[in-house]
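Multiple structures follow.
Each of the two complexes below includes chain A, the first together with chain B, the second together with chain C.
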Partner chain A sequence: MEGRFNMGWTLIRGWAVLVYIFMFLPVAVVVLLSFNASQFGNFPMTGFSFRWFVELAGNEAILRAFRTSIILGLLTALISTTLGVLASLALVRYRVPGANAISTLLIAPILVPEVVLAVALLLFLNFLGVNKSFGLLLAGHVIFTLPFVILVVQARLVSIKRDVEEAAMSLGASPVQTFFQITLPLMMPAVLAGGLFAFTISFDDITGTLFWKPGGVETVPTQIFAMLRNSISPEINALGTVMIVMTVGLPLLGAAIARAMARKSGT
Partner chain B sequence: MSVEKREARQPWILLFPALSAVTLLLFVPLLFILVYSFWLRTATGADVAGFHLDNWQEALSDPFYRDILISTLRIAAITTVACALMGYPSAYFIARSQGNKAVLLLLLMLPFWISYIIRTMSWINILGVSGAINSVLLALGIITEPIQMLYNEVTVILGLVHFLLPFMILNIFVSLDGIDTNLEDAANSLGATRWQAFLQVTLPLSLPGLAAGGLLCFVLGAGTYITPLVLGGPRDAMFANLVFEAIITQLNWPLGSALSLMLLAVLGALVMIYNRYLGMAQLMKGLG
Partner chain C sequence: MNTHPESAPVSSVTLNNIVKRFGTFTAVHKANLEIPEGAFVTLLGPSGCGKTTNLRMIAGLLDPSEGEILIGGKRVNDVPIHKRNLGIVFQNYALFPHKTVAENIAFGLKYRNVPKSDVARRVQEALDLVQLPDVGHRYPKELSGGQQQRIALARAIVIEPEVLLLDEPLSALDANLREDMRVELKRIQSKIGVTTVFVTHDQSEALAMSDKIVVMSAGRIEQVGTPEEVYNTPASEFVANFLGASNILAGACVTKDADAALLDVPLFGSVPVPADKAPAVTAGASAKLVLRAEKLVLMAPGSDTSGMVTAEAVVETVDYQGQTVRYFLRVGDRQLQAINMIDGRPFAEGQSVTAAFRPQDCAALASA
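The block that comes next holds the complex of A and B.
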C-alpha cells in the first residue's frame, strides 16, 4: 500500500481532478449564468437574479416543449419498459434456443448509428403513409430506448432467485398469482430503473427527434437547439439549469426509491 | 397441449412484442432504405422506383462526400484517443481509490444524465467572445480584444470529448475493477517495478474495457451532427450533417438513403470487427 503514495499516484490523482473539473466546469457556468441579472446570456455577471426563471415560466413555447417532452417521455417509458421487461423475462427465465442471437437483435438499435435509424424509420413509415407526427416520434423513441431498458432490466433480473416463486407455486398459487404477487414486486426496482432510463433518454434525445418531429412541435432539446440559432440568451442558461436539476435530480431520486424498495422487500 | 409444449412457447410469447418492434421499426426500415437508395428523386419531387445507380455513384465518387467522410473518421479517431488519454488515468484513479468508489463513480456519471444539448452549448459560455476565458483575460489586461476560439474543428472535438468521456471511463473502470490487485502485488514481489507491473499485468488485462470504450466513443462520435452544428463553423460539417441536409433540407430522400447506408457500412464494419475479436459481452457490461 505504501506505493500508493508515490509520485505516480499523485500524478494520477491530479489528472483525475483535472478531468472532473473539465466535466463539471462548463455545466457549473451554465448554472451560474442562469442567475445573472444582465440581459446578455454571458459574462460579466452584473448581479444575482431569478428574473430568467420567471421569464422562463411565462414563455409559452418553452412550456409547450416541456409538456411535449414529458408526455413523450412517459409514453416511451411505458411502452419501452413493457416490451423490455417481457423480453428480459424470456431471456433470463427460460432456456431459449438462440438466446445470444436474440439478445443481439434486441440491442441492435443502439449498434446502428442513431442518424441511420432515424432516416430509415422516417422514410419507411412515410412510405407506409405515416407522416411526421407524434406517433412517429413515439415509435422512434421506443425503438431507440428499448435496448437500454433490456440491458438494465436483464442485469437486475438475474439476481432474483426463482426459489421464492417456486415456493409460492408449491403452496398453491397459480402462475398468474405468482407473477403479480411475487415476481412483479421483486422486479419492481428493475422495472422502475428501466422506465426511468427510458424516460431520461427520451427526454434528452435530439438526434432522432429532429428527423421525426412534425413542424411546429418542439421538445425541450429541439427548443433549446432552435433558440441557440439566434444567440445564447440568459433564458437558455435558466432552461439548462432546470434541465440539469430534472435530469440529475430525478435519477438520483429514482435510485434512492429503488434502493429503499429493494431493502424493504429484502433482496 | 402438453405442459412441456406450453413451457416452450411461453418465452416466444414474451419475446414477440419486442422482436416485432425491432423488426418493424428497425430491420424492415433498413431494408427499405436499401431499396430506396436505388430510386431516383426527380426535380418535381416525385420518386422514380427502379434500379438506378445514380445515388450510389454520386455518394461514392464525389470527392466532396469522400473528403467529409475522411474528416469525420479523423475527428472521431482524435476524439477517441483524447477520451482514452483523459479517461484511463481517471478510471484507474476511481478503481484503485481508497475512498468511496461509488461516490467517485457517481460524480463522473452525473454528466451522463445532463442533457447533451445543454452540455454542448455550455462551451459557448466558456469559449465565446464574451465567455469565461475571454472575460478573465480581458479583465487581467492580457488581451485587449476578445479571441475567437469557437466554431472550428478543435471546438467540435472538445464538445465530443466532453460528451463521450463518461462512456470511456465507465468501460475502463468496469474492466479495471474486475482485476485482482493481488496480481500487481505478485508482479512487484517478483521484482517488477510498479510501472512494469502496470504495463505488463494491469494494462493488458484492462484492454477489453479500453476497446469497448473506444468503440463506443468512435461510433457515437462519427455519427453525430448536432455538435458540429452547435460548436463547428460552416466548414466543419461531419458525415451525419450531409445525411441531415439531404433528408431534411434538400428532401432528396433516395440520396439520403445511400449516404445513411454508407455511414452504416463504415461504422457497422467496425462493430463487426470488434464483435469478431472481442464479442459483445464486454460492451454490454459497460452499458448495463
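The block that comes next holds the complex of A and C.
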C-alpha cells in the first residue's frame, strides 16, 4: 500500500519535472547560446563570449527599438496606473450609476482575444479617418494593460477601511489631502504592482503592436520578429536574454519592494 | 489641552428637527437634542436605532435630509467635516497604519498652523495624558487594542476639538480592558472638559459615564435624562426594558394627588407610586406599573413585609450569576423576573415564596 502510494508520488514528481523542462528548456537554450562565441546560433558551443551582447549594443536598429519599447512601456505604465487608480476610486468609493457595467467594460480587454482587440481598434481608427501613430500604439497598450491595473488596485482599495480616511478628514485634511496623505500611500504597493504589470505587458507585447505601430517604428519584440525573418542570428539570442532578464527581473524587484513597503506600514 | 485653555473653546451641539432618510428608509425621525457645553452625553440604543446616524451627521460624514445642526450656536449643515474642528474616535481605532504613533497624533496639527517647535511638545503632552509616554516612535500594529484606542483618543484631542465624538470606542476591546478604558476615558474627558457625544449600545457604559443619556429606538428619541432619571423614571416601556430588566404590569390609575398616584394592578392590588415617578399618569385612565427586577425581592413566606406590596409566588427558574441570582417567578398567570443579591442560600426551583417590593421603588407610565 505504502509502496504504491510512494511510487505514485514519484511519478507525479517526475512528470512535473518534465513539464518544467518542456517549458523552460527553450528559454535556457536561448540564454545559453547568447554566450556562444560561434557565428552560428546553434550547438555545440565553441566558447564563452559576451561578443553578441557587444554587437547588440552597437546595433542602431535594436537600440532604437529598445528606446521605443522603454518609452512606450513607461508611458503605458504611467497612463494606465493613473487611469486605473482613478477608475478604482470611483468604482469602490463612490456610488456611480452603472458601476457594474463600467467595471465589466474596463476588464473586458483581458477576456477578448488580443487579435480581435487589435483589429477592432484599427478598424475603428480607420473609420474615424485617423492614421496610425505612436499615440494610437500607446492608446492600444493602455486599453490592454488597464484591466490588470484596475484588478490589482481595486482589490487593495477594498481592504483600506473607509474610517481611516474619515479620521483624516475629521482631523482637518481635505478630501484631496486625505487621498495623498492616507489613501495613496496605503495603496502604493498595488499601484506599483499595477504599474509594473503594465510596463512588462507593454514591453513584450507583439500581437497588438504589429497591428498598431506606424511604419518605421519598431519595438523590441517587433524588431526581433523582423530579424527572425532573415536569419536566426546569435544577436537575437542575446536580445532574448536581455528581454528575459527585464520581464522576469522587474516584477520580482517590484514584488520585493512592495513586500518591504507592506512590512513597514504593517498592512 | 489643559495648558492652553483659552485656545480650546467648548461648544454646545444642537439638533433641530433632524430627519435622515436612506432611500425609503427613515433612520432618524425629527430628532431634537440640546447638548450643553462641556457635557458628556450618551446616545444609547440597540443597533439600528439611529444613534450612529446621528453621530455621523454631527460629524459631517452624513448630510441630514431635513433640519439643522448647530455647533457652538452656528449652523454647520454646509460645513464639510474637515472644517468642523471635531475629534472623532472610531470603533476600530482607524489609526493610520503607515505612520508612527507620533505622526498619527501630529496629523491634525499639520492643518492648524501649529509651529514645528510646538508640535513635538503637544504630541508628547497627548501621549502623557493617555498614559503612554514612550510609544511615539512605534507603529500602530505594534500596540495592543487598548493602547491603539488610547492613541486614537490622543490623536482626536490633541487638536483641541470643539466637540469630541466617540463611536462605540470600547466595543472592540475585551471585557476587562473595557472597564479600565471606561474609567480612563471619563478621567480624560473631565480633565479637558470637552463636550463629548458618546455612542454605545451598552447600558452599563452609558449609566457609568454620562451626564445625560439619550435613549433611542427605531430612529426616535425615547427619553433624555440623567442616568438616574432614565433608570428610575423611564418615560416608556422601551426605556424601562432596555436599561435593565423590568416587569411591566398593565392596570389603571385610581386617584392621583400631589404626593402619589394610586395604581390598581393585577396580582399586587393597590400600589401608591410617588407622583414624581408617575408624571404622565392621570386619574381614571389606564396606566402601567414599571417594577424593576432588582426591586422585586423574594422572601420566605411569613417574613416581615411592612410597608411593602406583596404577592405569593412560586420560583420557576433560578439563574445563578455569582453575586446575584435571577429568578423567574410564577405569580398568578404571569411570569415575573426578580434579580436579588444572594444572602445566604438562593431559593430553589419550585419553592413557594413571597414576592415583595416597596411602592416608592416603582414608576408608572401612561398607557399608550
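One rule holds for everything that comes next: the second predicted complex is superposed on the first by the 255 of 267 C-alpha atoms of A that agree within 3 Å, B and C clash if a C-alpha of one lies under 4 Å from a C-alpha of the other, contacts with A are read in each partner's own complex, and residues count from 1 in each chain.
Simple rule for what comes next: contacts are C-beta pairs under 8 Å (C-beta built on N, C-alpha and C of every residue); 3 or more make two chains touch, one makes a residue touch a chain.
The model shown is predicted, which means the values in this text are computed figures rather than measured ones.
For the composite obtained by superposing both complexes on chain A, the positions of chain B and chain C are free of clash and fit together. In the superposition on chain A, the chain among chain B and chain C reaching more residues of chain A is B. By the touch criterion defined above, A:171 lies against chain C but remains apart from chain B after alignment on the C-alpha atoms of chain A.
By the touch criterion defined above, A:142 reaches chain B but does not reach chain C.
By the touch criterion defined above, A:210 lies against chain B but remains apart from chain C after alignment on the C-alpha atoms of chain A. Shared-chain residue A:185: touches chain C; no touch with chain B. Measuring from the middle, so to speak, at the Cα centre of chain A, the directions to chain B and chain C differ by 100 degrees in steps of 10. Once the two complexes are overlaid on the shared chain, A:8 sits against chain B while remaining clear of chain C. Look at A:161: by the touch rule set out above, it reaches chain C but stays clear of chain B.
In this overlay, which is a superposition and not a single complex, chain B and chain C have their closest Cα atoms 6 Å apart.
Those residues of chain B that touch chain A in the complex are listed here as 7, 10-12, 14-15, 17-19, 21-22, 25-30, 32-33, 36, 86-87, 89-90, 92-94, 96, 98, 107-108, 110-111, 113-119, 121-126, 128, 130-132, 134-135, 162, 165-166, 169, 188, 194-195, 219, 222-226, 229-230, 240, 243-244, 247-248, 253, 256-257, 260-261, 263-264, 267-268, 271, 280, 284, 287-288. Residue ranges of chain A in contact with chain B, taken from their complex: 3-4, 6, 8, 11-13, 15-16, 19-20, 22-27, 29-30, 33, 40-44, 82-84, 86-87, 89-91, 93-94, 96, 102-117, 119-125, 127, 139-140, 142-143, 146, 148, 150-152, 154-155, 200, 203-204, 206-207, 210-211, 220-221, 224-225, 228, 232, 236-237, 240, 243-244, 247-248, 251. Against chain A, the residues of chain C that register as touching in their complex are 59, 61, 80-88, 90-92, 94-98, 107-108, 110-112, 139-142, 152, 155-156, 159. Chain A meets chain C in the complex at residues 161, 163-164, 166-175, 177-178, 181-182, 185-186, 264-267.
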